[in-house]
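Here come two complexes built around subunit A, the first alongside subunit B, the second alongside subunit C.
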Partner chain A sequence: MSVRNRKDTRNFFAFAGISMIGFATFYLYPIIRTVYMSFTNTSIMDPMHDMIGWKNFKRAIVYDDVFHLALRNTFRYAIAVAILKLLLALFAALLLNNQIKGIGFFRSVFFMPFVIPTFAVSYVFRFFFHPANGLVNRIFINLGLKPSGWYADSRTSLITLVVSSLWGFGVPMLIFLAALQQVPRDLYEVAELDGATRWQKFKAITMPAISPVLFFNIMLATIDSLKSFDLAFLMGHGEGYPANSTLLYSVYLFNQAFKNPWSLGYASALALMFFVILLTLTGVNFLLSRLYVKTEN
Partner chain B sequence: MNKFKKIAVVAIAFGLLTSAQTAISNAAPTSVSVVMPNQWKDALAPEIAKFNAANSDVNINVLWGAAQDQLIAANKAPDIINTGDLYIVAQRNLLLDLTPFVKKSKTINVKDFYPNLYSALAFQGKQLALPYRFNVGLLYYNKTLFDAAKVAYPAKSWTQKNLIAAATKLTSASGSTATQWGITSTFGWWGEWLIHVRQAGGDWLQDGAVALDSPAAITGLTFFRDKVTKYKVAPGPKDDSLGGFSGGKSAMEYGGHTGNWPSYNSVKGLNWDIQVLPRGSKTANGGELALEAWGVNAKTANAAAAYKVAEYLTSTAFLSVQWNSLGLPPTRISVANAALAVPFASRKSPQNLEALFAGVKTGMTLPRTIPFIKVTQEVVQPFIDKMLEGSLSPADAAGQATAAANKALSILQ
Partner chain C sequence: MRTRTKSVTFMLYFALSITSLALLLPLISLMLTSFKTFNEAIGVYKWIPAQFNFKNYEKVFALKNFHYWIYLRNTMLIFAMKAIGTILTCTLTAYAFIRFNVKYKNFFFILLLSVILLPGELLAIPTYQFYLSVGWFDTPYPLFTACFFATDVFMIFMFRQFFMSIPKELFEAAETDGASEFKIYWRILIPLSRPAIMTCLILYFTGTYNDLYGPLLYLSSPGKWTMAQGIKSIEDIFNLGPRDYIVPWNLVSAATILSLIPVMVLFMFAQKQFMESVARTGIKG
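And now, the complex of A and B:
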C-alpha cells in the first residue's frame, strides 16, 4: 500500500469511524441479535434459552389467531391512513400554494399538530370522540344523526383510530408544497392560454411535475402507517381495546416482548417478519412508481 | 536499579495493593441491590438506613425508581427481584430456591405468613419468593352517596340481590344522561368478571382446561352483563363512567384494587370504606387474591446476604412500616392483628379492615402454571368486550372464548 493510500485509509476511519462504530453498536448488532433470538425461546425473565429452529415463525404464520388479526388490522389501518393522509396533505399543499396573504401562518398552523406529543393528541381525540359526551357525537345529535360508539365500540374503533391519525399530515404537506413551488409558472400560463381547465392543468402539469415527490411521500406514508404504535397503544390501553379491534402489529409485537411471559424470542421472529413485509411493500412501491413517476427526461 | 530489581519492586507493590484491596473488600459490607418505586422513598428510606447501620455485613442498595424489567433485560438484574404469584413460573430460572435458607433461618417465622399467601409462591417444591403485600377483591362504597340516598351501608351478609337493590336506589340520571352510578364497571380486564364467574361456581380453568363455557361460568358472565343492560346500575362501554369510583359519582366498586387506596385517599371529600364481596349465586368466595413478593436473583454474588435482605423486607417490623405509612396490605398475621387492634373509629379509610383480612381467606388466586395473563387479555377478553357491546350473548361469548383460549393454550404449552 502506498503512503497516499495509507493516508486515505487513515483519514477515512478518522472521519467515518465514529459513525461506523455507532452503526455497528446500535443497528448492526441489534439486527444480528434479533435474527439469532428469533430462532430461540428467549424470555427476558428466563436466563436460559434453547434453539427451537423455525417454531416461532410457524407459530405466528400457522397458529396464532391474534397475530393474524393484528396483521389484518394493520393493513386496513395503514391503507386507510396512507391514502387519506396523502390526499389531505396534497389538498392542503395545493391550497397553500396559491398566492394568499399570511401563507406562513397557515403553513405553521397545518404543521403544528406534528409537534404536539402523541399522548396529548390521544387525550384530545378521546375527548372529541367520547361516546357519551364527546364533541363529535353532540354535533351528530344536533344534525339528527345517530351517535356512534367511536373508540369504545369494536365496530368503529379502528375508524376512530384512522381519523385520529390524520392530524399528522403536516410533513407530507410541506414536502408537497416545496415540490409545487418548483413547478414553473409559465407552464400554467401556457396551459391557460390554451384554455385548459383547473383539473386539466393539475393532471397534465402538476401531477407529472411532483410525481417524484409523490413517490417519496407514498413510501414514507406506507412505512410510517405500517409501523404506527404510539396512538394505537394509547387509545387501545396497550391491549387493542376494545376486543383487539385496535391491535396493530407493532403493539402486538411490543406486548409479546415486554409483557408476561416476556417472549423475546417470539417477538424477534415477529420483528423479522415485519421487516420482510416492509421490504416487500417497498419493493412493490418501487415497481409501481414506474407507472406514474415522470423524470425530467 | 537493574531490571530484576525493578520487576521485584513492581511485583511487591502490586501484591501489597491486592492484599489491601482484599482486606478492604472483606471488611466492606456486601451490597445487595433492590428496585423500589420512588413513591416509597420517603417512607422506607429511613428504615433501610437503620438496617444498613445495624448490619455491618450487608448493605441494602435501593435503586429508587429504576425499571426492574429493563435491568433484567440488560443482564443487570438486581440481587432482590420483585415478583408475584403470577410471575414466578415465568421467572423460575431467574429466582433462587429459598427453601434451604428458610429451613436454616431462625428468624423468619414462616407460620406468621398467611399460609395461602406463602404457598402461592412455591413452585415444584421450591419456595421462590417471600410475600410482602396482597390485593384482594372487595366491595368499595362511597359513604357520602349512601348517606345522601339514605341507603344502609353494605353488610357482610349481602347477596347480589341486596347489591342490585342498593345500586338501583343509588343510580340517578338527568334525562338519558347518568348523573350517578350505583356500581362501576371494569372494562378490558378480568378484575371484575372473573369474580362473578367464580361466585357463580365456575372458574377460568377446571381440570386443566379452560372452563368459561360451563353453565355456572355463563351465569356469572350474565350477571356481569345484566348489571349494565338489564338493571342499568353500571356504565356500559359507551356510557360516561363519571370518573369511576374516585370520581365520587359511583356509589360502589366491585372487586377494585388495594393499590388504588392512596389515590382514593388523595381525592378530597371521597369518604369511602370497604366490605367483603356480596355472596354470588353460589358462593361468597371468588375475590381475586394476588400478591407481590421479594425473590432472590439466582445469579446473585452472595446468596446468603441477599436472602438476609429478602427476609428483612418481609419481616414483621418492615411490613408494619409498609402498612402504616404506605397502606400496603401486609402478608403477616401479626401485622394484620396489630392493624385490627386499632379501634375502629381511630382508623383512616378504609376502616373496615376486618373485611380486608377476611378476604385473604375467601379470595382465590389466579391460575399460574399457564400463561394466564397473556391468554386472558389477548384471547378471552375480546369476547367479553363484545358481550358488553351487545354483539355477543354471554353463552356465545363464553363458548367462543373457551374454544379460542384452549387453542391458544395448546400452542403455548
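And now, the complex of A and C:
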C-alpha cells in the first residue's frame, strides 16, 4: 500500500511538476509583485522607486478625471453589450431550435461573425459606419434621416462600439441552443393540450429549463464585456478616440503601463482595483442567481 | 415531433433569412468594396463596383510596407509553439491528476483552476518587466514561453475531463504488462486523445490569430509582426496627416478580406468541431 503511495507521489510530481513551476512563475510571483508595485511609483524610465503608500489608489479614486471617464465608459459599455448580446443570442438560439431543413446552414451563418478576428471586425465596422463612405449613412440619407458621425462623433462613438461588439454573439448562442435542445418535447405537448400560449410556454417551461445556462452566460458576458480591450483599442486608435469617449478601463490601463510615461506602479494599482471590481461583480452575480436559477430538485 | 403549419414554417425561414442577411451585410459591404476603384470606395457608398477584378488584391501584395506572407508565417510559428507547449505539458499535468493518488490532490487542482478568475492585466506588468530584463523584447519568445509550463488551466481542465472518459482498465492492463507510466501516457493516452487535441488546436489557432495584446507588447519591428499587427497598421501606411485622413478603403478592405482567409478556411472545413470546441470552453482561444 505504502509502496504504491510513494510511487504515486513520485509519479505525480514527475508529471505535474511542470505545472507547479508554471503556477509559481507565471501566476503567484506576478500577483505578489503587482500588489507590491501598486504601492510604489515604479516606472520603466526610472527603475529606482519608492514606497508611496496608498497614493496610487488615491490618485485613481480622487484625482484622475480621465480614469473616472474610463470607468463610466466601461460600465455603460459593459452593461449595454452584456444585455444586448444575451438577448440577441437567446433570440437566435430560439430561431435555430427548430428541426427544419437547412437549419445547419443558418447556424453556421449566425456563428460565423464570431470567427472573424477582431482586427478585421474593426475595419468591417469602421467602413460600415464611415460618416462619408459607409453603407449605414447612405441608407440613412435614402430614408431621409440625418446622417451621423458614428464613431467619429463623441456623442455616438460608444454606441457604435457597442453595436460593433454585438456581432460575435455565437458562443452564448450555442450555449443557449444546447440547453434548449435538452428541454423535453413532451412538456410542450402537455402545455399545448392545456391551451397554453407561446409566451406562457416560454415563461413556464423554457425559461426555468435554461436558467442554469442563463446564469453561466450572464457571468461570461459580464466579465468578457468588462474586460474588452481589442475592439475598443482598435476603433479608438488606442486612445479612446474621439475625446476619450471610447476609452475603456483595460485600454486606459494599457496606456498607463505600456506607453509614455510607463507608470507601472500606477497601472498596477489600477489592475488590482480592476480585479476587485470583477470579483465583486462575480459575487453579485452568484447571489442574484439564487433568484432566478431553478435547479433540478 | 410537433407538426407545424405552413405559415409558421414560412415565418421561421423569413426570420432566419432576414437575421442572416443583417449579420452578413457589414461583411458583404466590405467584400464588394475590395473590388472597387479608389474613387468608388471613398465616395458616397455605392453597392456594386463598375467592374470586378483583383487589381486591389494585387496592389496589396505589392505594397512596400505590408507583407502578408511574413505576417502569416510569424503568426503560424507562434501558434505552433504555443500549441506544442500546451498540448505537451497540459496533457502531462492532466494525466497526473487522473492517474495518481496523492494527498491534497483536489486542493492542488482547485488552486490551479482558481487562476481563471484573474484578469490578464494583473499578471501582465511583472511578466512584461521580467521579459524585458532577460532581453526578450522584440522577440516572439514571451508569446509562447509560458505555454511550456502548463499555464493554460482551461486546457488542463479540458484534457482532464476528456481523460476521465477513458476506461481506467486500459491503463491498468498496460501496467500489469509492465509498461512504464510514461509509456502508458505516450503510447495509449495520447493516441486516444485526438478529439481533445483537435479542440486545443482549433482554439489556439483562432486565439493566436486574434491576439493583439501580446504582439503589441513585445513585437516592435515590422519583420516580426503578426497578422493582427500588420492589418491594424495597414491604414497607417496611408496616414499622412491628422486623424481624419482619407482611408483608401479599396485596399484596406482587400487586405482585411485576405486576412480572413486562414480562419475562414479552418471554419469551413471543421465547422462542427469548431462550434463544439468553442461552446465547450466558452472562450475565444
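Keep this in mind: the second predicted complex is superposed on the first by the 288 of 297 C-alpha atoms of A that agree within 3 Å, B and C clash if a C-alpha of one lies under 4 Å from a C-alpha of the other, contacts with A are read in each partner's own complex, and residues count from 1 in each chain.
Just so it is clear, a residue touches a chain if its C-beta (ideal position, glycine included) is under 8 Å from a C-beta of that chain, and two chains touch if they have at least 3 such contacts.
Everything quoted here is computed from the prediction, not taken from an experiment.
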Fit or clash between subunit C and subunit B when superposed on subunit A: clash
Which of subunit B and subunit C A:A178 touches, first, second, both or neither: second
Which superposed partner A:A243 touches (first subunit B, second subunit C, both, neither): first
Partner chain in contact with A:F39 - subunit B first, subunit C second, else both or neither: neither
Partner chain(s) touched by A:A152 [first = subunit B, second = subunit C, both, neither]: both
Touching partner for A:Y77 - first (subunit B), second (subunit C), both, neither: neither
Touched partner set for A:R59, first subunit B, second subunit C, both or neither: first
Contacts of A:F258 with subunit B and subunit C, given as first, second, both or neither: both
Partner, of subunit C and subunit B, that touches more residues belonging to subunit A: C
Superposition clash, subunit B versus subunit C, among 27-35, 45-53, 63-71 or 207-215: 63-71
Intersection of the subunit A residues that touch subunit B with those that touch subunit C: 44, 130, 132-133, 152, 237, 241-242, 258, 264
Residue ranges of subunit C in contact with subunit A within the complex: 1-2, 4, 9, 12-13, 15-16, 19-20, 23-27, 29-30, 33, 41-45, 89-90, 92-93, 95-97, 99-102, 105, 108, 111-112, 115, 117-129, 132, 146, 148-151, 156, 181, 185, 206, 209-210, 212-213, 216-217, 227-228, 231-232, 243-244, 247, 249, 252-253, 256, 259-260, 263-264, 267, 271, 274-275, 278-279, 282-284
In the complex, subunit A residues that touch subunit C: 5, 8-9, 11-12, 14-16, 18-23, 25-27, 29-31, 33-34, 37, 44, 92, 95-96, 98-100, 103, 106-120, 122-128, 130, 132-135, 137-138, 152, 167-168, 170-171, 174-175, 178, 185, 188-189, 192, 216, 220, 227, 229-230, 233-234, 237, 241-242, 250, 253-254, 257-258, 264, 267-268, 270-272, 274-275, 278-279, 282
Residue ranges of subunit B touching subunit A (in the complex, touch as defined): 69, 72-73, 86-87, 90-94, 177, 187-188, 237-240, 298-299, 371, 373-374, 377-379, 381-383, 385-386, 389, 391, 404, 407-408, 411
Subunit A - residues contacting subunit B, complex: 43-48, 59, 63-66, 130-133, 149, 152-155, 237, 239-244, 255, 258-262, 264
